[in-house]
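So, here's a batch of structures to check.
The same chain A turns up in both complexes below, where it pairs with chain B and then with chain C.
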Partner chain A sequence: MTLTRTLRRTLAAALLAGAGLGAAAAAEVYREHHPRAAIDPAQGAAGDFSGTYGFWKDAAALERHRDWAGSTDPNAWKLNWKYPDLVDSGDVHAGHVAVDEGERFVRRAAAREPGFLACLGEGRNELKGVAAGYPKYDAKLKKLMTVEARVEHCAKAELWDDVRQGSPLNTKIAAYVKSQSAGLPIRVDLSAAPVMAAYRRGEQLFYTKVGQLNFACASCHTPGSIMGHKLRGEVPTTPFGDAAHFPTYRTPVGEVESLHQRFGRCLNQMRAQPLKPGDPAYVDLEVFYTVLSNGYPITVPSIR
Partner chain B sequence: MSQPNAFSASRRTLAPLLMALALAGCAGGPGPKPGAGGPNYAAWPCLGTSLPCGAVATRTPQQKTLDGALNGDPARGQKIAEARNKGNCLACHVLKDGAQPGSRGPDLSRYGAGKRSDAETYALVHDMRARNPDTVMPPFGTNAILTEQELRDVVAYLQASK
Partner chain C sequence: MAEPMKIRTQLNGDVADIRVAMMHIMETGQRKDPRTAEVIPAHYIQQVQATVNGKTVLSAQWGPAVSKNPFLGFRVRGVKAGDKLVVSWEDNKGERNSAEAVVK
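After this line comes the complex of A and B, so read on.
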């Protein structure tokens, strides 16, 4: 036991040293940043800087311009792709199937190991409303947790199973957990110091130019950038409100994708190396990005 | 699917060891493998510090001078400007005879009717940051998105657009 403890301490020290070195190296290399936009994190989705919030803030607003949806009208981007959330054709899509499969897994696993459900529910045997507070800081684990990270952690801790972030099963379970908060406004708690620190780091990443094309997220998703302009066949939209519908069934891809997988797809388009789902940089970016959806209702399952 | 019960008995004994293994995995874990046949951009700066590309520097802005005569081919230049895996200039600019153009950048469909020289045009396509540090235009020459000859072909195409 003593030996194990020593080993763990050594590893922890090595990890800390590694992290320190990484940070120092990152500070030294030359990086460029897209000019900053004004964002007030306290305002959440309502603080949208694109001037489009009034078009997608709720069902009534979306209904007013339903003729723009799916059309070539130059205003169509102002709906922020929220229109598909309104359409209830009765058709089942892969997003619904993912939620059902996630639920089936959780029920079966919880029947064998009740601790699994309690772990997902953070002490309660209930998932209703849990996802609305994510990402959050877990004081016990001393870690920022996304829903996907919680799924991976609980599967490991309670089921002794590897359900890695980015795997189809992880995304399905995360989609189910999120669906249990559908309709509830997102409430990322910025009063927690580690969350605020992550928000600031994520904000910095949002403006950092990377890849062969030297693009930042902000190059396409801030006022004065490509946002609202045609990028060949697409029109980049506001980043506000976006996190609310992930994981989502992406029709161009044919798969249900987590937010981190979407980040990876964006980075590939920027000709930058994507990171692994769950990477600390992605977590910081998700904190920043989800704060831009604070106050906006979760919509999972969804289709885009 | 998992068989959690099969492992429950040995959980207590294994936990510290596996935790150590998990931690070791975090310290030097391999990065994501590029998708099968997918592109590999590891040589370019990336977000975060967990991968080696996190320590790759962004190439600084370059003011490039055109050497000798342009010797570009406008027809080839048009193909390069339209190709998504090459210049993809159409993503942001209206170009002469180009379908489905973007709208962020200036309209270049009559660029050649203007007064910009080959040398100036070449320098701007090579690296627009030398003129405007806040530009969203990729540095096509500095970041080797286009080869020297491809740059010259694109410039010839722009100059021939009237």
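After this line comes the complex of A and C, so read on.
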């Protein structure tokens, strides 16, 4: 018990070190890496390496193979779990309720402190389209910001309120902010040097093996890995397009969860210690993941 | 206990496609708190009712096997735009909730 815990801590430290947070420590840790797949970040979602993009790139493509959805057809994974966005487009689910709750909080808070909305909207009292450019580098704060980080920052700065990343309220507000860009293509700005640097660090993390099972994210989410093959009743899919539907309502959990919380779940499966939502290593991974969704429309609220 | 409930309706001819997202913990009474080893008390929806213009169109008895935050979808014939739909539930603790929507 204690041994595993110590081991896990070491591994968490190792993951952090891999993020470039402790360069000195990184030199001491023995690390293995999954072979790299060729990814051209300029292509965004269309650069998908799994050969499945044609099956999930838009509604028409998804409609064509609707019969795979939820079936045991070995091709079902090629839909990249994008069909719930389609099937549920005229539907209602707990993801909508979460977005409503986020909206109610924002409206109430903005009535009290108009600065809150302006802070979320980066100067404009308007959230339409804002989330499509995230994650981004904030020159004033000198920090890479995700939507969740912006929510936490604005709540602290304008409401003197602690709405920490990973808390249900933070995730609901983030879901609301993202829903205000629903349908708009993601456009993470890679021409900003700090964003490109984060992309490279995130990419490095994606291929770095961690945890008791010595898995990298790439061990399950790249061609030639377990991707597309059965893994205890699940089939890992391509990482392309994933960032577009987060935060998402998770039916097995009964809550909306952010991308960082999903990272934590995969790390748990890898028997590595998950990090706290908002951790710089997660931000780097989110930049990497979101660049792999560039050009793909945001689909929040969503259900998975 | 006014957790939100959300209703969407879609009218095709005289058939209304109704979808309801309810928010409820739906505790089965079978789970134990891993720290205290105490049973988490059952708390689930037992009765669900839907009315159109006051007339019952759906009445259901639910139990602990229904998932957390349940989704309910059903179709009603003989409905027109502007009809008033009310969906309500009552759980095993006697708590109630209801939501209204206008069919469109």
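The working rule: the second predicted complex is superposed on the first by the 279 of 304 C-alpha atoms of A that agree within 3 Å, B and C clash if a C-alpha of one lies under 4 Å from a C-alpha of the other, contacts with A are read in each partner's own complex, and residues count from 1 in each chain.
One rule holds in what follows: a residue touches a chain if its C-beta (ideal position, glycine included) is under 8 Å from a C-beta of that chain, and two chains touch if they have at least 3 such contacts.
Since the structure is predicted, the reported quantities are computational estimates derived from the model, not experimental observations.
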item	value
Touching partner for A:192 - first (chain B), second (chain C), both, neither	neither
Touched partner set for A:251, first chain B, second chain C, both or neither	second
Partner chain(s) touched by A:86 [first = chain B, second = chain C, both, neither]	neither
Touching partner for A:69 - first (chain B), second (chain C), both, neither	neither
Which superposed partner A:268 touches (first chain B, second chain C, both, neither)	first
First (chain B), second (chain C), both or neither touched by A:184	neither
Touching partner for A:101 - first (chain B), second (chain C), both, neither	second
Comparison of chain B and chain C by chain A residues contacted	B
In the complex with chain A, residue positions of chain C that touch it	4-8, 10, 19-21, 23, 67-69, 71
Residue ranges of chain A touching chain B (in the complex, touch as defined)	1, 4, 7-8, 11-12, 14-15, 18-19, 22-23, 25-26, 29-32, 34-35, 105, 108-109, 112-113, 116, 155-156, 158-161, 205, 208-215, 219, 225-226, 229-233, 264, 267-268, 271-276, 279-282, 285
Chain B residues touching chain A - in the complex, by the definition given at the top	1-2, 4-5, 7-8, 11, 16-17, 19-20, 22-24, 26-27, 29, 31-32, 38-42, 44-51, 53-58, 60, 84, 88, 90-92, 100-104, 129, 133-134, 136, 138-139, 143-145
Parts of chain A lying in touch with chain C, wherever the complex brings them together	90-94, 96-97, 100-101, 251, 254
